[in-house]
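The structures considered in this document are given below.
Shared between the two complexes below is subunit A, which pairs with subunit B and subunit C, respectively.
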Partner chain A sequence: MSYNQRETPILAELCTFLVEDVYGELAARVYSVLARHGRQTLAAIARASYLNGRQIKYGLVILLQQHVIFHSGNDALVTYYEIDWQSSYALVRLGKVAKLVDDRFGSKAADVISHLLTFGHTRIADFKEAYFPADVASDDDSNDDIVNGTGLKRKRANGTHVNETSAKTNGIVNGVPSELEDVKPDPSSLTNGAHAANGISKSAKTNGNAHEIYMDGAVDLGDGLEKEDTAFASVDELYDVLQLLIQRGWVRTVTESQYLSPGDMHDKMQQETIDQEFSGSAPTGTKDKEKMHRAILQKKRHMRDQWLEVPRFSRKRSAETASQNGPNKRIKVNGVQHQPTAGAALPEDDLVIRVNPEKIAVAMRTEQLVQLVEQRLGSVTAHIYQIMLRMLENNTPRCYENLSEPPVAGEAANDIHLEPQLLVDARAIAKKLPRDFDVCEGLDPNAVVSITRRGHVRSSNVLSQPVDPNRIGMDHRTELVDKHIRLLAEDPLHFATWHSRAGFSQWHIEFDEIAKQLIQAEVENTIFARKGALGVKLIRALRKKGKLDERATCNAMMMSANDIRGIVNDLTVQGFVQTQEIPKVERREAKHSLHLVWYDRQRAREKLLHDTYKGMVRILQRIAFEREKIQPLLSKAERSDVIGNEEKWLSKGELDALQKWKEVQEKLLLQLFREDDLVATLRDFHGPLISV
Partner chain B sequence: MPPGRGGGRGGGRGGRGGAFNPARGTVTIAGTELNWDLTGLDIQKGPAERFPEAPPPQAPPPTVHELGIVSHYLRARDRIHEGPFYTILNDGMKNGLKRKANEPAPTEASLFNPFTDNQTYSAKYLKVRRRLPKLDARPYVTDLFPAELRPILDGSRGDSNPSKKRRVLEVTKINAVSQIERMIKAEQDRTNEAEARAEEELDEDVEEEEVEADDDKPDAVDEEDNWSAVSTDSEESDDDYNAEQYFDNGEDDDIDDADPYENTYE
Partner chain C sequence: MAAPVAPSMVPKEEDATAQGPSNEIVSPADALYDKCAQRSQGTVFFQRDLSNMQVAETMAELTVLLQELCDRHLMKLMTLEGEPCWKLRSRSDADKLRRLTPDERLLYHHIDQVQAEGIWSKALRARTNVTQQVLTKCLKSLESKDLVQSVMSVKFPNRKMYLLKHLKPSEDIAGGPWQSDGDFDTALIDAISSAIAQHIENETCIKVPGNWNDYGQHDMAAEIAHKKAQVQGVQDIEDAPAVKPYQPPRDPSTSKLVHKNSPQYPTATSVATWLNSKEVLRGKTCREDDMEQLLEMMVLDGRLEKISGTNYRTVLSATDKTVYNGFVDAPCGNCPVFDLCSDEGEISARTCVYFGQWLETQSEEV
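The block that comes next holds the complex of A and B.
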């Protein structure tokens, strides 16, 4: 079969849609050639495509600038281009990244990260200039804007505008990250969870607290984030935010080696290893080969860690980049006063930075776990868990180690060694809790009484003497928090694991185990929705017992063969259950063979992931179709004479149609992002599962 | 049960349909075991409905967090769409691959939509989309790009004099979504105003208001449609393409009043 008769792989289709949706048609056309043909040179792309050379080059520049494709560097004669699937898929997380950063570091940091995503990579100096344009720049760019521009775009952030808006947004809410300024503060389009949710009954608690954590973090860091508006008052503030994001691993520096595709990287490392350790000749023996394999992994890890290294900032904090805790606050705050004036060129201006894609998955994992805990154990425990996870997040560069050493045969697995920064204790959490946070909520009243030693529990499970959360001493508070952590540990999912008694018992979190359980839960959810409880029963039975033939399945499930067959068939067709036929005699006869069924979690996971990708493609197609339907109206609404005079040129029906389009688009995007959460669970939280 | 088979019941075997099981006092009909006493039981005799009503599952409403994600996404995407990289080719191709041999090339005529693509006066206000990205609008870190692409990054387009223009990144604040929101807001304001006005109208003088309102409307129509609009009555109804309304069916010819023998030979 020739290539163009085959169906496009679903991820390629999805990523092409995403690229088209975000970067437009030219980029998507070039991308689709690469997606179809794989690794290609410029000439080969030109041969396979109907586009002309200039168009292809321009498209490649866009894709490279946004890190959607790799290139093989300039060492060889020809340069190969290859798609970076992970980061092309990550386009769907544009909004999620900004929102996650918003929750953690405030709206200014969200603004920065969102712009960084828009720019791809950039020099810090250029980035600074985007926010604080030099005077020369202001009249220079005027004639370019008209092509895509809307006329209104001119009101860009030059000095006056910034000041004016900051005055406007300041003081809407104290300490809470306020709305980004281009969003209308009407209740339908809330960007910001914190104060909006206070009116909503159920989620009020966690969301309300979320911003307290944020405040906590900001105070803890002691840089200029306390006062909240999205416009930066000074260059220093921008640098502070950037530095914070780099330290926390959200932004990393870009080197040329990051443009190498995994294959090129491997070849390079292999060559280096051979040159250095095997004096230029490739090893032949198994032992030597394994040694080389390890050396290559070692090199890859080293390189990856180098990318994440925090560059030394020449400014105030250069001495203390390593530690990020409270005691430094004074020095930092004091340091602000005698700064070099803004605009002076700094040595780090030449650094090239981009958003670190691996960190996003870590933050998404935090969000999902907190949500899960909230469902299972209540919002107070969830909030405590959130603090725990966010403390760990700062020291977790990625969800799982993808380059780990293969275990040495014969050598027992060394016992778990955990670095101290992956441990949390209750006291640290208790310190981070706001004063009026009701830690007693969600606990067994008997436990509360045994800690506070006041009053007793009435028969109706009510405390005889109410406890005022404001008056609990630090020790009691710590004990109460510890009780919450015990709740987390005792949950069937083991959200926390006891580690040692040092301090007030330290805990760590076994993310790997939880991730596996999450994956299994998602698979079971899907099967439950499709086949009901019996399907899940079958999966669980097979998972526990391994490969079974029909009779054994009946015994394990305590059901008749007739009832089971239909489910087995359906699930096999859907790819969640595997079958195998083993002939007992020479002739391969159905009567004389064993028919086994079993459940392979890795295959089920991949199948579900595949289905999810497909669902996302359908959503994107649907969005495109809905947009197509309303396109004449949208282009009318974009007309330069209509903008600003909408009530004059657009009829009531047209405005209603626009409103409806907005709702439809938001609803579909929402579903897209939910499916993206599922993708994160299935793909990003755990490496390939080896089935037992 | 057909009355003729009454005697055979005890035999249990055979007979199409029912089988009586005296031990349990049940009868099996169409494979289903039922109580013997069937009074009041309504058995579905017809075939099952082929497409039974199955309402699709509804997604739960968005949480505040999710709304935040959506609005951040839209903002970032619209910023990119306003930026120098966003292109729309509109060349009728689905992807960047070469056409197959038997596939005709899209021609200008085949891409032309007679309903919307006719140029009117107002087309001069339409937003112009790029067909090639504007690469010289922003600075690049040239070292990170392969050598064969570096020349176009300098903005020199092959010849060797790089443009002197200063390149800056842009931090835009306006976007299309906020435009839609703005329009909707304006519309809401207008309806609110109209309501308020309607209330006032009751006791204040009506004429002035009406004159004012009339002033706006013809203006709008004039400027927008003076290229294509000939008939005035169709504008209000958005019904230009309804041929029926132009065909008067001979009703207005008033033949009744005229002399019935006018056109006849005598």
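The block that comes next holds the complex of A and C.
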């Protein structure tokens, strides 16, 4: 991964930074051991670090709560811990996720999601507890908690803060291996934990430093929070939001199998398959092996789909009956005492939920596609595309199928059958458009006239009878929307593909192809910024024609060799273009060799991804450096007597310096989030590309 | 093939007519030559044509006459579909040929055979089996006698191709209309591609003024009130966000390009026809292949985009801000020492001058 062997692999470095920022030093110490040494047991971590067993266990619990690491389960003698790189990296997206949810489901759902993100998986009952505290008297106490919380925020979220909340649930979730059970908290800390969560729900200010930093990304969200009332009016409303999020696939239930690393999962599935289908002995023949491979893949898919199954919600009954029936027994069994003051306990209260990371990628893909369309075809078409994509989003659990079966040899690829939920029609979109949306904008006036059949287009391309979008009938609206979708379909990127006539015109979207184009577009963007139009031209020529020697390159680009040589060299050095020398004679003379240049998009993609990770690390390092420079002032500003009286206790110069630090931090973080967008495009929207 | 022979034929004809009356006794061979010369230039004569000229009494005599003319290099023996045929050479050319050494003649013969395609000196040597010294000497003398010319091949830039002086090198070795002297004519390509870009834009796009659909005045106050109500009102979470799409200004003086509704997308053929009808390429015509090469290049340039297999259209961009991506817009993306940068040491995030410039803060001094 790294060019220089002395360096830590860049992703490990990045993720360690992120963990440290979000969960504090203890968790980061444990995490970095795992990052450097790979899969480890508890004892091995203890050997590799200077921490004692108890500290390590605390660290591991935090990491497990956040699903940043896997563990190998309770069945085996020793439990191994292993990093989940995807979700570790996802820490950078905390703020973005809240923003995405806010756009789609409103600020209340965003509030729920951001709490899920900060505290990792959470029991629904604890959610209820946090939003609707059991005893009203504790409200006074919670004020203290807020103070505590603010203190924590200044000190950066060190382990204890998160520990409380994590400890709160880990007794209930069996996801924590038995060897960590002794970190399980006593009942008093359990209530404390609830109070901490409570304090958080009261004010976003108490969320701790890390939370604050990454939530800064959602600037609009913050504004929205101020304007709209985020507090839930009733328990039912909270349940409604949770149910919606689960149904749409944004939140999923936590099961023990989600803690298995991909390797462990594979072993488990393989063993199951061997036991069930091959009566206990591993298959030897090629055919049997392939059969087993398919069976394993199918099991994995099944398991994954199970995670997303929506649990049955019982909440149609009235509160009284619910509290009298089943739940009582459950409460007794679990030995957890619920105070019935705020809503009755429900069977689903014991469900443990977490954010579904795959859905986040789907939503990010939507945003980026809309952005691209806005650049190419204008804002009106982009808005229509956004509606299209969001309608499809609900039925799209993930960006691409990573467990697809290899095609069966000899069997012709049967024509792609499209599920009806992957289709979207013009009429449905037209209905979703706001009344005063100017659907005509961005279209050829002639097209508008041909639909409305009123007036004509003057020679200056002005309509003789203007069309007020507020007064277009639904039929015409549909046709106009269809025109926009046709623009999308005609684009060389084929943003939409025609499917049938249902609902005036029905479309589907070939995400796979578009994702490839997106990756290519980002590579080209990068090269354009570095080397200008000439570099992009070279890349495109090579992509189209394959391996070229100098003369063929000149012909494709219609330029002289001298103009091209420099750019080929630069791009080769940067790793975007590969060169190859094929000797024609035995002596391998340079003169008698073919010198080919080619472009491999998978390599370019990986190289750019690697560089982007490195760029993100540098930004985080720079933030740390900038903070270090201003640290004395920051500690002063965070003193409890200074907070709120900044004008009084701080000099003009100090205030300016604080302001400057804020700007610098904001600028760096914004850039970090934009680099994350690039990472999403390069990594999350498409599986590995087959090299040419 | 035959056209370049013409200039040298003209004096010869005068010659013949001048000689005709003064010198009554013309040899039958010359008579035959003159008769042939009266036909249009470049004509190929078959035995049948020549006997019809009634110069020779018998077939045997005709054969002798033709042999004599061929020996004097006034005629050139060729075959067409297995049948022998003859072609005239101008007297001046024939004169030059007569003075050639046998080696030179041999080489000339081979160069003549390939016509406009030209022949590489190495291939020539392989065919004629002469030594390198002889080859160089003979080719030099042929060139100095204005019988052959050498051209640099476009396909193989280090090869010297030989062909007859009066011929125009074929496109294989001299390149298409976009090349001159074996190199791409950048100025010409720029000019032509701009013209083509404009042409395709006219075909596929339509310029729409800002006020094209002027459906009523916008009341700013009402709009603000509306927006407020939208933001404050309780929103159904099923709804799309209450953000109103950006309304472009309705200024009639501004205009923007949009894609035409069901246009005729140009193809290489149609653009080539258009270009040839404009006669922009002085004296040259642009074939379909040449045009395809140019259009494909413009696609690479990002000025055109390919719609389907053969159709092109203009690339439009709705926004004109230049934003690349998160990585290259940060200092690291364009950093010349990015690969040398490490966690600590002389080049690191702490000491980075580029970060310092970008953030307007101080970096650590090394």
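Heads up, the rule we're going with is that the second predicted complex is superposed on the first by the 542 of 692 C-alpha atoms of A that agree within 3 Å, B and C clash if a C-alpha of one lies under 4 Å from a C-alpha of the other, contacts with A are read in each partner's own complex, and residues count from 1 in each chain.
One rule holds for everything that comes next: contacts are C-beta pairs under 8 Å (C-beta built on N, C-alpha and C of every residue); 3 or more make two chains touch, one makes a residue touch a chain.
Everything quoted here is computed from the prediction, not taken from an experiment.
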Which of subunit B and subunit C A:Cys554 touches, first, second, both or neither: second
Touched partner set for A:Pro283, first subunit B, second subunit C, both or neither: neither
Which of subunit B and subunit C A:Gly455 touches, first, second, both or neither: neither
Touched subunit A residues, subunit B compared with subunit C: B
Subunit B versus subunit C as contact partner of A:Pro311, first or second or both or neither: neither
Touching partner for A:Lys483 - first (subunit B), second (subunit C), both, neither: second
Partner chain(s) touched by A:Arg639 [first = subunit B, second = subunit C, both, neither]: first
Contacts of A:Pro397 with subunit B and subunit C, given as first, second, both or neither: neither
Partner chain in contact with A:Leu658 - subunit B first, subunit C second, else both or neither: first
Partner chain(s) touched by A:Leu650 [first = subunit B, second = subunit C, both, neither]: first
Doubly contacted residues of subunit A, that is, touched by subunit B and again by subunit C: 4, 103, 667, 671, 673-674
Subunit A-facing residues of subunit B, complex: 59, 62-77, 79-90, 93, 95-100, 116, 122, 125-135, 137-141, 143-149, 152-153, 165-166, 168-187, 189-191, 216, 220, 224, 238
Residues of subunit A that touch subunit B when the two form their complex: 4, 16, 21-33, 36, 42, 48-51, 54-55, 57-62, 64-66, 71-74, 79, 94-96, 98-99, 102-103, 110, 114-115, 117-119, 121-123, 126-127, 129-131, 133, 136-137, 140-141, 144, 147-150, 152-153, 155-157, 180-184, 186, 189-193, 196-197, 200, 203, 207, 254, 256, 259, 352, 367, 632, 635, 637-643, 646-650, 652-653, 655, 658-659, 661-662, 665-667, 669-671, 673-674
Residues of subunit C touching subunit A in the complex: 155, 157, 178, 183-184, 186, 189, 206-209, 211-216, 231-232, 235, 237, 240-241, 244-248, 258-262, 293-294, 296-297, 299-302, 305-307, 316-319, 324-330, 332-334, 338-339, 341-343, 348-350, 352, 355, 358-359, 361-362, 364
Touching residues on subunit A, where the partner in the complex is subunit C: 3-4, 7, 13, 103-106, 109, 227, 244, 374-380, 383, 386-387, 390, 432-434, 436-438, 440-448, 450, 460-463, 466-469, 483, 487, 490, 492, 522, 525-526, 528-530, 533, 536-537, 540-541, 544, 551, 554-560, 608, 611-612, 614-615, 617-619, 621-622, 625-626, 629, 660, 664, 667-668, 671-678
